[in-house]
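Each of the next two complexes has chain A plus one other chain: chain B in the first, chain C in the second.
And then the complex of A and B:
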């Protein structure tokens, strides 16, 4: 009651009604949001315009034409396919590898702690630099990886310069850079799990695979979902690794959303098309985030119910 | 300074004595080459100042946006003479080429007043000009109040000067009477052959005379020399893959990028001649190009030649020039030749890249900026850059006639002959239009698909034509 009274009659004499209070409290957050929302809505407006910087006289609203053109544009469908494929492959492989490494390092020991820190090093390197490093390592003339490939009979392996292996190459770089991110999240999750279920299972002599699939994995699922969400959102927006290694080529092999939008804006100065691509990418990430967050909340509710 | 030395330099500046004569005379008077250069600069500055009010904008500041390049280095090395001459201070930001044009686009599209002038290529002005980001410089060039009498606009190589002027009409001829001078050429690049003579001798081959010959010579070099590849050309998914050797050879066969009919544009890559050319080009890369050709920019093309990993390049002549010096393994072993791809053509007709200077439309002081531009593109700085720095290829005819410059190029075997053989036919071969980067990037991507055998040449070009025509129509140009 005392606090209510204070709210009604603050010392300064400035009154904030109960009804307004939530809005006032959320004002700082709203101000931050404005910084994000203004560019967002500007991009949405641009996406409904025929807007090329090189043809300012032709700028006009064409409403959904930029979006409608995508339906008949094979380049767009290729972009959608490549982006989803890239995100799907990288996240799946990174999740499997990250989980495997985290399981191996689960037990706390000096060696495991040291290895987990060392494994984080790729994450400390800017992805564009990592891509350039890999570009040198995969150079067919002097690259160490090309040499190693030749030792196992893969002579003249073209890595990022061949359409058949370009995706594999950039996926390898992505895995090298980002698997530690998943590993560290899952390792933190594994180490924070309650020990009683595992001790009970050990006393009962439950097989390890059973423990993994029936105890570890379900309890770790919220962490896995979080890691997957972060990585999925990041990899569907991938730019630096792909652009630094191939500029989207060979041909249109790796023209993912960000690369295509970047080229449309900075090279072609086609603001309308570039904005439309980014809005579609936003819609995809929004949809994916919703699916993951809903599942994460459902799992949390279930966990509370069980508790 | 002694009167005799002054008189000799003054006579040179009046054109009464050539450079060699002046240097010889100064040598006889006991003046060293270094001191002669300093004296010449000092006297040039005085001579320039005598005819024109260079101090009109003294105390002002001009800011430049520069690409990291030997031409920018040459300008920076000589900048003090501009400051002394005009009293104008010059500040600049230098960015590496990978991000340079993004920076320019960002600065101009945002209407930033930070930069007054910047380095650009002529192709970029086809976007910047119609967008209203840069200034038509004709107004300044033709105003005797603002341009010093020694500027000698007619001294610029006509093909190069005209390539920087466009009337803004899609498909409009470069250098037409109604064209706007969007930028002033600074130095340019002709695309010809730079080759490793020792490798050619080892394989027992001569410089290729046409495209068929180039295909077979490159293959023989690769086979006979061993451990190298035959020919370096660019291959990244970028407009920069199309404009050097590729377009120079393509246009030598009288093939075009676009057709212009009644002001409407359409793709011109689908002709039988174009398909035959593409087939040969693709074959050459498949047989004798670098293994990871599709990632090759000018940098890889150049460094491979300099490191002895390739036998020749068909690219910018100045790239070959720079690879022939410095710490490069092949320094001093490279030679140059003009290249005529079409056996029925009489001369080389290289497409050119022109490093130029443009004035931002958002500049706060255009008159002071023009003072910088006319100095930086003027004859005195051109001579300084060409003789004291690595300002190749200069755009002024007087510099190419300069004995000291030609003598300097003697240690680059065939360079002057190459220039003389192809300068007359050197110009931009693209059709100027706002979708330049769309067309050329997609063209490069199609070439990549062809070389990777993802698509046959005929089919790839048909798809390219269809796609380009669709984009031109969408943009209201087709």
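And then the complex of A and C:
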């Protein structure tokens, strides 16, 4: 029977595997999944071990000790504080700025479209390289920004190399790189809003602040939520900008989660602590990303339903 | 709504000008710096008037920096080559593997398909070092730590989820009826995929590929942790550059300019696709 089938149509050999086809096609995705999950579980195991690369013989399970130590570890609380501060400040400022710029560019015109394309550029620059650019501009001896600061009376303003202004400097770089992202999302959102409510409001002579707070903002909320959560997820694990700019310094002013974990792993070779830090950060992002994914899928369904 | 006063127009103009200055000035300034020698860079007050020089680019491209103290080797061109090679091969591989998988996810609801898709999506937001730090050890055991192959494989963690999710959305938007009709006409599954589904999802695939390329190119932490010195892309190479002695500021600036040019050029060339891809299909319609 098989032989007649193959004689009649060579494709029928292929047909038998049709039920398997989706599995075959998604195999690479599955492999990548496994490729992520194996090191992920390895990291979880590490986080329950006393494990220092410098003392491999002393490696053993210490169960929750790495985590318990965090409670009395000022360095950990500093990491948590700086990470939350960094994420909170950057996302808030980027959201306000991004919304403001999107509103400025809302009307479709040649100039507005040109500007919105120009604003894409910072987003296309690798964050690590953006940090380098700002490092050159804030160099104490020749940086243009240090010079400008001295013009307004801030002599010897040391930007990222001073503990009191390091956070401000990296936040500034983050804003420079990522505000365009929020702007693009919100601009797309603004331009996709139905026009009728606005026309009706204009016809009735409704004040524009009222229109903004009662019509624009509520209709834009799903987009704002998506953009905020997306940025929050990225920002709380920021590594590139901070590492390229200050490597977590000066001192431990900017040792956010990922920077601290990196330094723990490669400098103090404390794998256990490093892994525990990453697992905690993962738990935070997991919670946030679940909210994000749900919200995003809902938005996507709605966009599709309208189309 | 159109009754905009002169005052408001002026305020808008000022605000927009400030926005453009803030976002464009760093690019402009570093670009200028890349054509300057150390003397003009260090001059106070800083000036935009100077005699441009190509010496920084010449030093990077020839790989030799001649100073009073002697010649210095610069490996920057190698970094640039690594970036090109790693990004292009990673995206190509991710497209070959990811597009059919995205199609399978979109067309066939099979057991575990959502689990795989969600695992990939949720790890898109997971801290990369969580996976990378244990990977350094696996790489040593597997003998991958000094290879392009290992890096390309790890770059799939960036590219593949991106391509899967974006392209899947585009496939889902295409009505399956056209494909059924073509199948009923006696064409094979593969012919349907190639002749109907692929062309229709073309813009989505382009957007996803473009975005994956930019993410791969701009990636820093993967290569920082896993790449050996001679396999590092520009993001890591440029950083090492800053700390190496004898390098002049103009050369750092020109290295930055060379490193960001490909992504900026791509962004300008295909900005429409990019915006579509960036919004991840969330704001389509």
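In this text, the second predicted complex is superposed on the first by the 256 of 307 C-alpha atoms of A that agree within 3 Å, B and C clash if a C-alpha of one lies under 4 Å from a C-alpha of the other, contacts with A are read in each partner's own complex, and residues count from 1 in each chain.
We take it that a contact is a pair of C-beta atoms (placed from the backbone, for glycine too) under 8 Å apart; a residue touches a chain by one contact, two chains touch by 3 or more.
No experiment lies behind these values; they were computed from the predicted model shown.
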| task | In the overlay, answer first, second, both or neither for which of chain B and chain C A:76 touches. | result | neither
| query | What is the contact status of A:251 with respect to chain B (first) and chain C (second): first, second, both, or neither? | reply | first
| Is A:282 touching the first partner chain B, the second partner chain C, both, or neither of them? | second
| Counting only touches as set out at the top, which of chain B and chain C does A:268 meet: first, second, both, neither? | first
| Touched partner set for A:54, first chain B, second chain C, both or neither | first
| request: Classify the contacts of A:141 with the two partner chains as first (chain B alone), second (chain C alone), both, or neither. | output: both
| query | Between chain B (first) and chain C (second), which, if any, makes contact with A:156: first, second, both or neither? | reply | first
| Residues of chain A touched: more by chain B or chain C? | C
| query | If you stack the two complexes on chain A, which partner ends up touching A:86: first (chain B), second (chain C), both, or neither? | reply | neither
| query | Both chain B and chain C contact which residues of chain A? | reply | 135, 139, 141
| query | Within the complex, which stretch of chain B touches chain A? | reply | 101-102, 105, 109, 126-127, 130-132, 236-239, 290-295, 309, 434-435, 437-438, 441, 444-446, 448-449, 451-452, 454-455, 467, 474-476
| request: State the interface residues of chain C toward chain A in the complex, per the touch definition above. | output: 1, 12, 15-16, 19-20, 22-24, 26-27, 29-30, 33, 41-46, 97-98, 100-101, 103-105, 107-108, 110, 113, 116-123, 125-135, 137-138, 153, 156-157, 160-161, 164, 169, 172-173, 188-189, 214, 217-221, 224-225, 234-236, 238-239, 242, 249, 252-253, 256, 259-260, 263-264, 266-268, 271, 274-275, 278-285
| Within the complex, which stretch of chain A touches chain B? | 52-58, 69, 75, 135, 139-141, 156, 158-164, 245-252, 263, 266-270
| For the chain A and chain C complex, residues of the former touching the latter | 11, 14, 18, 21-23, 25-30, 32-33, 35-40, 42-43, 46, 100-101, 104-105, 115, 117-130, 132-137, 139, 141-142, 144, 147, 176, 179-181, 184-185, 188-189, 192, 198, 202, 208, 223, 226, 233-234, 237, 239-240, 243-244, 257-258, 261-262, 265, 271, 274-275, 278-279, 281-282, 285-286, 288-290, 292-293, 296, 299-300, 303-304, 306-307
